[in-house]
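This is the structure I want to talk about, given as structure tokens.
First chain written, first letter: the chains are A, B, C and D, and each begins at residue 1.
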Amino acid sequence: MENISEIDELTTEKKYSRSSLYKDAWRRLRRNKLAMLGLAIVIILILIAIFAPLIAPYDPIERIKKDSSLSPGKAYFFGTDLLGRDIFSRVIYGSRISIEVGIVAVGISVVIGLFFGALSGYFGGISDIAIMRMADIFFAFPYILGAIAIMTVLGPGIVNIFIAIGILGWASFARIFRGSILSIKNKEYIEAARALGANNYRIITKHIFPNSMAPIIVYATMNVGVAIIVEAALSFLGLGVQPPTPSWGKMLAESLDYIDIAPWMMLFPGLAIVITVLGFVLLGDGLRDAFDPKLK
Amino acid sequence: MFFYIIKRILQVIPVIIGVTLILFLLMYVIPEDPARLILQKGATEEALQNLRVKMGIDKPLYVQYWRYMTQLAKGDLGTSYRYRRPVDSILADHYPNSIKLAIAAILIEIIIGLVAGIISAVKKYSFWDILVTVSTTLAVCIPVFWLGMMMQVVFGLKLGWLPMSGMGDGSLRYYILPAVTLASVSTAFVARMTRSSMLEVMSNDYITTAYAKGLSQFKVIGKHALKNALIPVVTLIGLDLGALMGGAILTETVFSWPGVGRTIYLAILQRDAPVVIGGTLVLVLIFVFINLIVDVTYAWLDPRIRYEKKEVNV
Amino acid sequence: MKINRRIAMLIVVAIIVTLVGTIFAGCKGAVEKAVTEAIEEAVEEVEEAVEAEEEAPAEEVAEEEAPAEEAAGGVFRIYIHEPVTLDPANCYESEGIQVARQVFDVLVKYDIETLETVPAVAESWDISDDGLVYTFYLKKGVTFHSGREVVAGDFAYAWTRLTLAETASYLAYHAAPIVGYDECQEGTADTLTGVKALDDYTLEVTLQYPFADFIKTLGHVCFFPVAKEDVDEYGDLYAEHINGNGAFKFVEWKHDQYINLVRNDDYWGENAKLDEVEYKIFADEDTAFLEFKAGNLEYTAIPQGKVNATVEDADLGGLVIMKPQLAIYYFAMNVQNPPFKDNLALREAVNYAIDRQNICDVINEGVSVPATGFVPPGIPGFQEGAMKYTYDPEIAKQKLEEAGYPGGEGLEPIKFGINVGSGHEMIAEAMQADLKDIGIDIEIIGMEWGTALEAFQNGEISFFRLGWGADYPIMDNFLYPLFHSESSDNYSGYVNLEVDELLVEARKTADDDEREAKYREIEKIILDDAAFALVYFYGIRRIVQPYVKGFALSNMENYDLSKVWLEK
Amino acid sequence: MDISKNNKILEVKNLKTFFYTDAGVVKAVDGISFDLKFGETLGIVGETGSGKSVTALSILRLIPQPPGKIVDGEILFDGKDLLKVSNRELQNYRGNRISMIFQDPMTSLNPVYTIGNQIMESITIHRKLKKKDIIKESLKLLEMVEIPEPMKRLNNYPHEFSGGMRQRVMIAMAIANSPSILIADEPTTALDVTIQAQILELMESVKIKTNSSIIIITHDLGVVAKYASRVMVMYAGKPVEFSTVNNIFYRPLHPYTMGLMESITRLDEEKKEELKPIKGSPPSLMDLPEGCIFRVRCKYAIDKCRKKYPPLIEAIKGHKVACHRAYEFLKGNLKNID
């Protein structure tokens, strides 16, 4: 879901110089307890993902046939699933998939969004109109239907999930970047750079880009959470990560059917998703407030 | 205003062309032979070829597209490959259900989202503000289908308060769980946006003026602040109505709701091109239409926007 | 005031949106209805919001008390998935079939308990000495729900319609033994010449070759009588106006919501006791099961993974129906494509690697039993231990080495296709893990059912799961459709000309014992070719409310609601 | 109306309004005391940020809270402390007994309602009248503030008005219930010079017609000279001098006021210029220096100024000043120091 006016607000240009902008933002972020909680969650998550093999007591795809469907206990902290796999280990390893999905998919969105945003905002004219109408269509089309359509064309698989989620997210980044460019484009220092003979590429990468990063960082952070949720939704529909890869979305989707008889199976992957998304959302909120305290 | 609306309606035409074209290409990319899909078992190559000719799918894509568009102009959306029923009858079966559910969800968004946002803004930093902030943040983090199934088990099965699935006799009780599920994320967004919009509006001079006149806080907020604060919220809600209709796949799946989102979703999986294209087209039209209504609502909310003047001046 | 205006606004939006939706749906009749509905809905929502809380409990009490007064009658509510169609000529999946069976009666029926073929609309029949000509004598006074009497011509019409190319029926091949079938399929004839109505009560059917089990196939849905005038009137929409001759009359099919039937009081047999049958349509069986627990369904499936919990449940345990089903679950390997092509050892390795018992016990919770051959127990002619493959990872590893891939070395990950939903993922994952143990990597690809079949058929995916359930309780039904090289249900590319020949020969064999022996031989040959890894014989996992009486379920999962009553 | 003994309609005593921000406490108004006589026009003068507007808003408790808070003081209207009355009671004073006109007419009217709606609202709140009478009353008000074609204008939206016209509408709204006090917070700052005069004349005539008192807040000494009878000069949230117009203009006793007066002659023709007559800038209200807050900019500062803040004392009758050296100025000893 796009928060359009927030995007527009984010694009309003700051008067601070760049380094002080980031320094001030960090100072404000540090004082924001919720944002620090979010940051802590994200950092812990990354650590878990990196050190998954050290933390997980079992191989996440190894079955212990005799121990299927056990409730949480000493041997298996979070219990086991129907095939006798340790849910705790799967949740630990699942952090890798979630981070991959979040970061790679959003990365794709950012790259596509920046490219079209630059094209649209910097050159204007026909390309601007065409790109912005295209963005409108992407905003208009139900996100999940779009993801399904793309997954159907591309076929299942984790790389295709990155692509599907990535493609669908570009429009907001394009809008943010375009807005930034429009507000910066005619500033004196750009004129000066142009007068000194800088070409378009140089102006975009050296001058416009660094100055419009703040809103993009904020929005990207929030979108990581969205991507993780979309992955779960696709898994619920059977289009997600293919087994036996331990993905939280897949684990949640598979175990939801047993919600009335084995609630622990869905509880832990579900909580993992909620906490992780919460981490990114809180961090994103905090970053937004930090970059632009007016908006709070 | 009249010319503006006419203009906007005419603008729909390129959108229709664009969307159908994209969908046509998409369905063409998927390597699928509709004739085989229809005949499937026991079909000879001749029978397949006959059917292809009959359906016109032996022709190049542009011929097929032209054929589809001319039929569309006559109001014919074609026949479903899978269900062998006219697409319009399939859509007529499902769209009203989706619209009803979307409206129920929008009502929740408006009632709960607006009220929560307003309370949160007016009682900034109070217990209620924190409660709203926490619950809206959480609502965004919980996967919709998880929330839906938990409510199903808790309110439907364990407590027995509400029906768990389907539309039943169509009474309000059947709407509550799916509508709440469907509206959860959007309600959170509406509440957050109302809050920030209200806070911004509340800092305006005319709010001070209103207080200085001797208006009660209730009236200042209800009359002077709300109408101004609603402007961005209306956009959000308007955009959402379209998204709620086609994007309700998860909710429709969890609650076995006979809606159009699931119909299109299944049609995509089943490569049932006529249903996909027809269903999506209607969805886009509704979206465009709602946008128009949102714009007209703006004029009502904000007298500074008057479309006919814009048309004359520009 | 403000709120009222906003609600008014929303109602207006609702109306306009509905208008647009239906106008573009081109359904002019529906416009008015949809608009009024939308208005009513919106108004009701606003109005009822206040009253809802007070009203709701009162309603529930009323619901519970009312039916207690009438012992017979009542409404029987059954879970189904949205059927593709209810048109008998095209009922190829279990959902449409179970509805059609309550609405239509055909020449012969299968006894629910014994699966014996018993006369229904046909009173008796003669078979010519050469086994080619069948003459059926129909009962008099059997009427369609529209009131018209069912005559022999209706069968002739229905069967012709079934086989005509333009009907594009998936089920047409069931009529393949009848003279004129090929011409109808090719589109060169417009009548099925082998079927003739000699008079209103005499139907003569001529076969292309003697087919000893022919009578036993006639209980199939596709042979149901259809009234020509209905098809003429409704065309594409016939499936929503089916008019049968069975114990229940079709009332309405509200797509994705329900299908309603009412008792046919002019039934030719004994009238049913139930007033109504309501098939409630759910997106998945889990939701239906929750509804059953809440007392909103009389009969439903127990979802995979919940059988043990249900059996152990104090309240539900006694209501569970578990019995073997005449159906087999198998993994097919396309022998026309790599890596399975010309590599018997690899296919055998797969066969030895699968822990069938584990799948049956853990995932299917003991409902199913490991497969021992293609033909399940319960079909006359079933042979114990037809299959030699057991779960033995050591042999599997040896075979894999024999196949040229020691420890899986050199073997690309194999794509394995399943249709998503219905719990196949877990079985696929178990199999994936089993094969991983011997060194074969499997990549699971989930697809929608129709799409999956297409991908299997065109060879896009060479390793996949399929299931086969009995259309009629004879061995032929498990062998001919799946393994005859020209059968369209043969998805695995299995071609063995010897098998083709034997299959045709077996059909012609009139003597029951001799025929069975031939089929057993065929089964062995196919098993030796190992183009399939058989997994298990399905089991039925259903549950029915305690107050339902007279309900019986056959091994083909058929039931006859005309004998059911509710006691509560 | 019962006019109390010493003819004072409003008395503000030791008013303190602070803002509690993330960065610290801003003492926007720090101990202001003054009084308003019946029928008088009182001017409050000071640089931007000196606390004039906050003083005005504090009188009607219109300070946004949080972050603002009135921490101390009394505001006696007709003998009643407005800081102690309930919110509900306060509403009866606002717009009825005490009205306000704001600085920027462009933002002070609600853009989404017609001006008719907004004027009628002012009447409806405080008087029970029939709809017809309310309209009549509104038309009368528009006529009083000299808006042509009032009938037609009632249905217009604020954005269809010029700035001057809007300020007239604001005045009409303010006088709708014949208030006893009209507080005008820089009513002409945002307007053209020609319009400014019209608006001020209008206010003056309205004051006479409605028999009210005015507090006019401005940084324009010309306005004060022309319309006010007494003047309070504020600096950094504190009053520095309070006396009659004549005293302030011809016998200022505070170096800050003196600087202001000198600047008039210098900047006479550029009235729109922001008032910054004295070298240096006002101190941060968050971090006030010890002693006299003006001393860093004061050319008369002595050692004592560093140690102790000078209290506001009545140097001579009717002339209060907060400067350690006020008596020296009074005696004329320091006249020609530079």
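Keep in mind that, in the parts below, contacts are C-beta pairs under 8 Å (C-beta built on N, C-alpha and C of every residue); 3 or more make two chains touch, one makes a residue touch a chain.
Just so it is clear, the structure is predicted and the values come from calculations on it, not from any experiment.
J.: Could you tell me which pair, B-C or A-C, is linked by more C-beta pairs in contact?
T.: B-C
J.: Work out the mean Cα position per chain and let me know which chain is farthest from chain A.
T.: So the chain farthest away from chain A turns out to be D.
J.: Taking each chain's centre as the mean of its CA atoms, how far is chain A from chain C in angstrom?
T.: Each chain reduced to its C-alpha mean, chain A and chain C end up 43 Å apart.
J.: How big is the gap, in whole Å, between where the Cα atoms of chain B centre and where those of chain D centre?
T.: 53
J.: Which integer distance in Å separates the CA centroid of chain B from that of chain C?
T.: Chain centres of chain B and chain C, defined by C-alpha means, are spaced 35 Å apart.
J.: Give the residues of chain A that touch two or more other chains, as numbers and ranges in rising order.
T.: 237, 260
J.: So which stretches of chain C touch two or more other chains?
T.: 290, 293
J.: Could you list each pair of chains that touch, in label order?
T.: A-B, A-C, B-C, B-D
J.: Can you check the complex and tell me which residues of chain C touch chain A?
T.: Interface residues on the chain C side: 286, 290, 293, 303-306, 309, 355, 358, 362-363, 420-421, 425-426, 428-430, 432-433, 436, 443-446.
J.: If we count contacts the way the header does, which residues on chain A are in touch with chain C in the complex?
T.: 61, 63, 65, 68, 82-84, 155-156, 237-239, 242-244, 254, 257-258, 260-261
J.: Quick check: in the complex, which residue numbers of chain B touch chain A?
T.: The touching residues are 15, 18-19, 26, 29-30, 137-138, 140-146, 149-150, 153, 157, 185-186, 189, 192-193, 196-197, 232, 235-236, 239-240, 242-243, 245-247, 249-250, 253, 261, 264-265, 268-269, 271, 280, 283-284, 287-288.
J.: Help me check something: in the complex, which residues belonging to chain B touch chain D?
T.: 124-125, 203-206, 208-217, 223-224, 227-228, 301-304
J.: Could you list, by residue number, the parts of chain B that touch chain C in their complex?
T.: 32-33, 36-44, 46-47, 50-51, 75-77, 79, 82-97, 99-100, 103-104, 106-107, 110, 152-153, 156-157, 160, 163-167, 170-173, 175, 222, 226, 241, 252-256, 258-259, 262-263, 266, 269-271, 278, 281-282, 285-286, 289-290, 293, 297
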